[in-house]
Amino acid sequence: MLVVMQAHASEDQIRAVCQKIESLGYRAHPIPGAERTAIGITGNQGEVEPGTLEEMAGVQEVIRVTKPYKLVSRDIKEDNTVIRFPGSTATIGGSALAVMAGPCAIESREQAFAVAERVARAGAQFFRGGAYKPRTSPYSFQGLGEDGLRILAEIRDQFGMRIVTEAIDHESLELVEDYADIIQIGARNMQNFSLLRRAGRSRKPVMVKRGMAATLEELLMAAEYVMSEGNYSVILCERGVRTFADHTRNTLDLSIVPAVQRLSHLPVLVDPSHGTGKRNKVTPLSRAAVAVGADGLLVEVHHQPDKALSDGVQSLYPDQFDELMAQVRQIAPVVGRTIPPIGSDPPLEPAITPRSKVRTSAPSLS
Amino acid sequence: MLVVMQAHASEDQIRAVCQKIESLGYRAHPIPGAERTAIGITGNQGEVEPGTLEEMAGVQEVIRVTKPYKLVSRDIKEDNTVIRFPGSTATIGGSALAVMAGPCAIESREQAFAVAERVARAGAQFFRGGAYKPRTSPYSFQGLGEDGLRILAEIRDQFGMRIVTEAIDHESLELVEDYADIIQIGARNMQNFSLLRRAGRSRKPVMVKRGMAATLEELLMAAEYVMSEGNYSVILCERGVRTFADHTRNTLDLSIVPAVQRLSHLPVLVDPSHGTGKRNKVTPLSRAAVAVGADGLLVEVHHQPDKALSDGVQSLYPDQFDELMAQVRQIAPVVGRTIPPIGSDPPLEPAITPRSKVRTSAPSLS
Amino acid sequence: MLVVMQAHASEDQIRAVCQKIESLGYRAHPIPGAERTAIGITGNQGEVEPGTLEEMAGVQEVIRVTKPYKLVSRDIKEDNTVIRFPGSTATIGGSALAVMAGPCAIESREQAFAVAERVARAGAQFFRGGAYKPRTSPYSFQGLGEDGLRILAEIRDQFGMRIVTEAIDHESLELVEDYADIIQIGARNMQNFSLLRRAGRSRKPVMVKRGMAATLEELLMAAEYVMSEGNYSVILCERGVRTFADHTRNTLDLSIVPAVQRLSHLPVLVDPSHGTGKRNKVTPLSRAAVAVGADGLLVEVHHQPDKALSDGVQSLYPDQFDELMAQVRQIAPVVGRTIPPIGSDPPLEPAITPRSKVRTSAPSLS
Amino acid sequence: MLVVMQAHASEDQIRAVCQKIESLGYRAHPIPGAERTAIGITGNQGEVEPGTLEEMAGVQEVIRVTKPYKLVSRDIKEDNTVIRFPGSTATIGGSALAVMAGPCAIESREQAFAVAERVARAGAQFFRGGAYKPRTSPYSFQGLGEDGLRILAEIRDQFGMRIVTEAIDHESLELVEDYADIIQIGARNMQNFSLLRRAGRSRKPVMVKRGMAATLEELLMAAEYVMSEGNYSVILCERGVRTFADHTRNTLDLSIVPAVQRLSHLPVLVDPSHGTGKRNKVTPLSRAAVAVGADGLLVEVHHQPDKALSDGVQSLYPDQFDELMAQVRQIAPVVGRTIPPIGSDPPLEPAITPRSKVRTSAPSLS
């Protein structure tokens, strides 16, 4: 159920409608748009009686939303969600292409800094790297944990990049939200609804990666789980689905980008590294992802891929990433995207770890 | 790495090898078989030097296990794992077919008892029903939580059936292991490695359902996660995979049953309810599952499917379940299976809830 | 569009309706059922005006068929189609299970006879073997062509089995319909509509194998192509579909058997040899296919699988086929099926090749 | 088996090696490259003894080709195959992007000309349109047949575009090769090996579309079938594969473009119309296809999509195609592609139908 307010509805009117909804035992989600505010209604107990609300001051109409998703839908918020980060020019969902790069896993301070230095110089505004790794085998390297997060926080201080890293359970999420700027929910946890709810109670933006067998609707519903808890800063990410095709590790489904953009106001990125699993396919598919209209890229880069503790075979060499950025810079304008000039986010002044935490205040949303 | 002990190796010799392994910084998993004991070695730090162990008393050979799974493998344990339950004749993995039946979700005491009475009478030795439901939509019925678990415990007391129910996160797992006899890990959490590890630290058997896009190896690796933490009572369950085929909700892949049995000593069940998503397909596919050689069935039954809060469309009516059991009883002997006569587990004497917990002692393993 | 005649409608009335339909520029397909006759209307030019027909003598009702398939549908023919063969007790679609066995390809007279002798003795009433092989590589063995067909005809004479073999184009179909009893359209040609139409103009029954990515509806539409040309003796065959699963060559989708039987009157067989691609999975999945209710099996048997020119890895040894038949004989009665006793079709008296052709008259349909 | 000739090998030496190969009962396929000539050897009868050839004059080495494909491989021909058309500047596989546009089916002269006029004006050098339509239903519009081909020939005369149209069997292929410039083998016939062989005996270039469940290797082997008969002008085309994803009709697998280009010298196009099945996805995915590096596009355009007899829902309006071309023109240079200026192929002088046939001489290959 969705209450669409009149264009000139006052703050008081909006507040009154929200209070009414809550008094009926539901939850109100006011979502301000460029022209008007809509108020989403969620709650388990069944159907709201629309009559009660339709006659309130400032209400234009009450829409029964038949699609299973509500808060992710363009019906409830027409304008694209743009996620901003305090103290940074970086955005996700706006006209600038969001480029996230870094190693699959943080292996050591040296490795992380070596890669960070190169991807920052090439123009990435976001640094990605796993501290908690969901691995198929219990005997594989599982990540450095909080030590990895500390290294990531240092990289933010040093290079001014925003940090995105994965949380795999409630415990790691507590730490990730302290240290990082974006909480990543991996493909294998896309329907770990308990984790999605927990991420929904965080102040930090959440990036949800598409599960290997997830339909578009299931991907949107995963985002809906996060939003239903009150966190509206959600980013979607296509990373390949599982098919019979064996020339790539997964089959990258770029058509989901325009499909998401049609139905939802949320930004959607593409990860050609996991999406192909092969280094020589990452650059062509990155170009394609930008050309199809994605809001950004997630690319694995490693300075010594052959020594990587995970996913080395799909990581670009830094020189290849430079080349990728050069190509992407040419395609972006064709689809109306900009890429911020290199160095637009100057390194923050050095900070000790506790301050890293303090500094990562909640992002603002437009 | 696997240490195979000689057939006549003494308890002391086995203990000494385990201590040596642990002193090297690894973890030892002694697994007694009908003829000899094998000791699995797990640990993150790399390769063990086999020489150290090969010369110890009672050791027959040290095998480098090249497959990524170790503890689940028949290489490490030739005989089928048979899971037994204190105070019950029910087994899983032995010659008796394990039939688990019940509603998708526990909706109320009345509903649960109505279904339980019928499936117990038809010969099911296990009662299934969700107290925590992973639902695609955050707005759908999410289960009764601990209230549902209490109802399940009462059903065990009343009807003598063992209880299987799903845990969706660490918090619910704590409760499920208190109340239930088998902890179910759902398809959507098959690669929630944090949850698998936690289940591996439980004393209760764990049933891992195959993920919608999981390969055989990934399914075995999920079981390996549980076993690597020391819990060897693991049951696998095929429940359909995602394909292009649209005449059923999922495509039930019965060929995985002989494939699992070839590679692993763990029991493997089939869930034709989720595997087809259509009531009229459940009985034919249940027959097929028994004929293919599955160790048991997981079947949804509801006394009023049209009023079910979830998955009603795939739940059998109690009369249909009677008929299914009648057919299955005829096919089981062809594949060397028995079905215990009805009433072989008499109802336990009534017990108050706290005692329900006490009574569910850890199962024994053979 | 479907005209359902009254139960007591006379032959003259039926004929009159057919003539009316044809005079309107459509094609009439009278299909006699146990209780009443239905007349299917097909044609490209659009919608028939039902009024014209509804008022004719003997017409009960005119049904607009909204599903894209008509002639394959149970709407048009309620009773199962049973295909009979002149001079043989073998049937397909009746209560008897149809077992088709033989090598993937006819390699030589010696090989074919060696296998035929064993599968006939084990109780197969149909002999299968390819004379024209659709091979992925142009450099692989492509079959013996007409020489292979001659060998097959000899096997019919010698052992009394009916012959099923694949046609791959119009040219081979001409020959296959001369020599064989059933024309097989392979999975790769399931949407070779030109070939389907040509098969529809043959007097011999046609077995259509499901394409590797075919939905249920597409499979039924392939049969519809054959029937739309006037050949109503069509057999469907599930042989595995392509998915991400890698423990078998294809994923055998047994749920399509009850799905076909619900919608269509046509018989449906299962081919567990191609469906799994692994010898050790053929017997378990054959048991499952019978238990799920299939009308028959298609099984590859080779007396020297390791020397087979194609698909040896999935062919059973004759002894394994004996064992398979023994198991299948036990399961068949549970699903109301019989297996004809061995030797129920005595060998025909020896015949020279030309007579083989003459003898294979068109089958009758009930 | 592949004979690599020395860089300076004479014509006589090449001819002698070919004769030797043929005298051994095999087939020789001399394939001239920029630096040297290679000679492929094909034939069913087994392995060639390399010794015989290795010592001949001008031979550098004899390579056993272990991959199942030979003639399609870059091992045998390092340089890209570029297909040229007599009397036209259009090429496929060179630096110019090949754009093929037109309606799904030729419905009438008026419709075909209306569309042709617009796509020619927008810059397409190839006109596509079906005269023989493989339709899932036997009752759907099946194409105009030879009448459609005549219309296509007129369009070539009028607008100077080269014609690509589908052949569905031997009979239609005879006609298609008379009237058209490129013979299309549709996805459903990708493993109709009899048709592929027949196309291999044509002088006209053949475009093979990827089957809905075809692996990369199977696609290459389909091309190998054509080439093994002596026709080296083969074009591959990705048109989406079948997966569980339901937001598009098929899942367009753009990663196959760099994968093909790595293994094969053949050009590879992308068909985003069938690949998505939705008009609003065609332009974004066309941009992506060019960005990934495809050699061209196949796009459905209809002047009245809502009245189209087939696939209207995925056909662009002419104005949308103009916009697509404008976008594609901007992306092409980033990947080193050119798009020929509009009007670079002036209309041929009017010709009567018989001359249309005469004029379409065989293309040259580089």
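Lettered A, B, C and D in written order, each chain numbered from 1.
Definition applied: a residue touches a chain if its C-beta (ideal position, glycine included) is under 8 Å from a C-beta of that chain, and two chains touch if they have at least 3 such contacts.
Computed from a predicted model, the values in this text were never measured in an experiment.
Asks: So which chain is the furthest away from chain B, centre to centre on CA atoms?
Replies: Of all the other chains, the one whose centre lies farthest from chain B is D.
Asks: With contacts counted as defined, which of the two, B-D or B-C, has more C-beta pairs across the interface?
Replies: Top pair by contacting C-beta pairs is B-C.
Asks: Taking each chain's centre as the mean position of its Cα atoms, how many Å separate chain B from chain C?
Replies: Distance between chain centres, rounded to whole Å: 40 Å.
Asks: When the centre of a chain is set as the mean of its C-alpha atoms, what distance in Å lies between chain B and chain D?
Replies: 52
Asks: Please compute the C-alpha centroid of chain C, do the same for chain D, then give the distance between them in whole Å.
Replies: 35
Asks: Return the residues of chain A touching two or more other chains; collapse runs of consecutive numbers into ranges.
Replies: 213, 241-244
Asks: Quick one: which bits of chain B touch chain D in the complex? Just the residue numbers, please.
Replies: Within the complex, chain B contacts chain D at residues 242-244.
Asks: Which chain A residues qualify as touching chain B in the complex?
Replies: Against chain B, the touching part of chain A is residues 42-44, 68-70, 134-142, 168-172, 188-189, 191-195, 197, 211-213, 217-218, 221, 224-225, 228, 241-242.
Asks: Which residues of chain D touch chain A once you look at their complex with the stated criterion?
Replies: Touching chain A: residues 213, 215-216, 241, 243-248, 251-259, 262, 275-276, 280-281, 284-285, 287-293, 327, 330-331, 334-335 of chain D.
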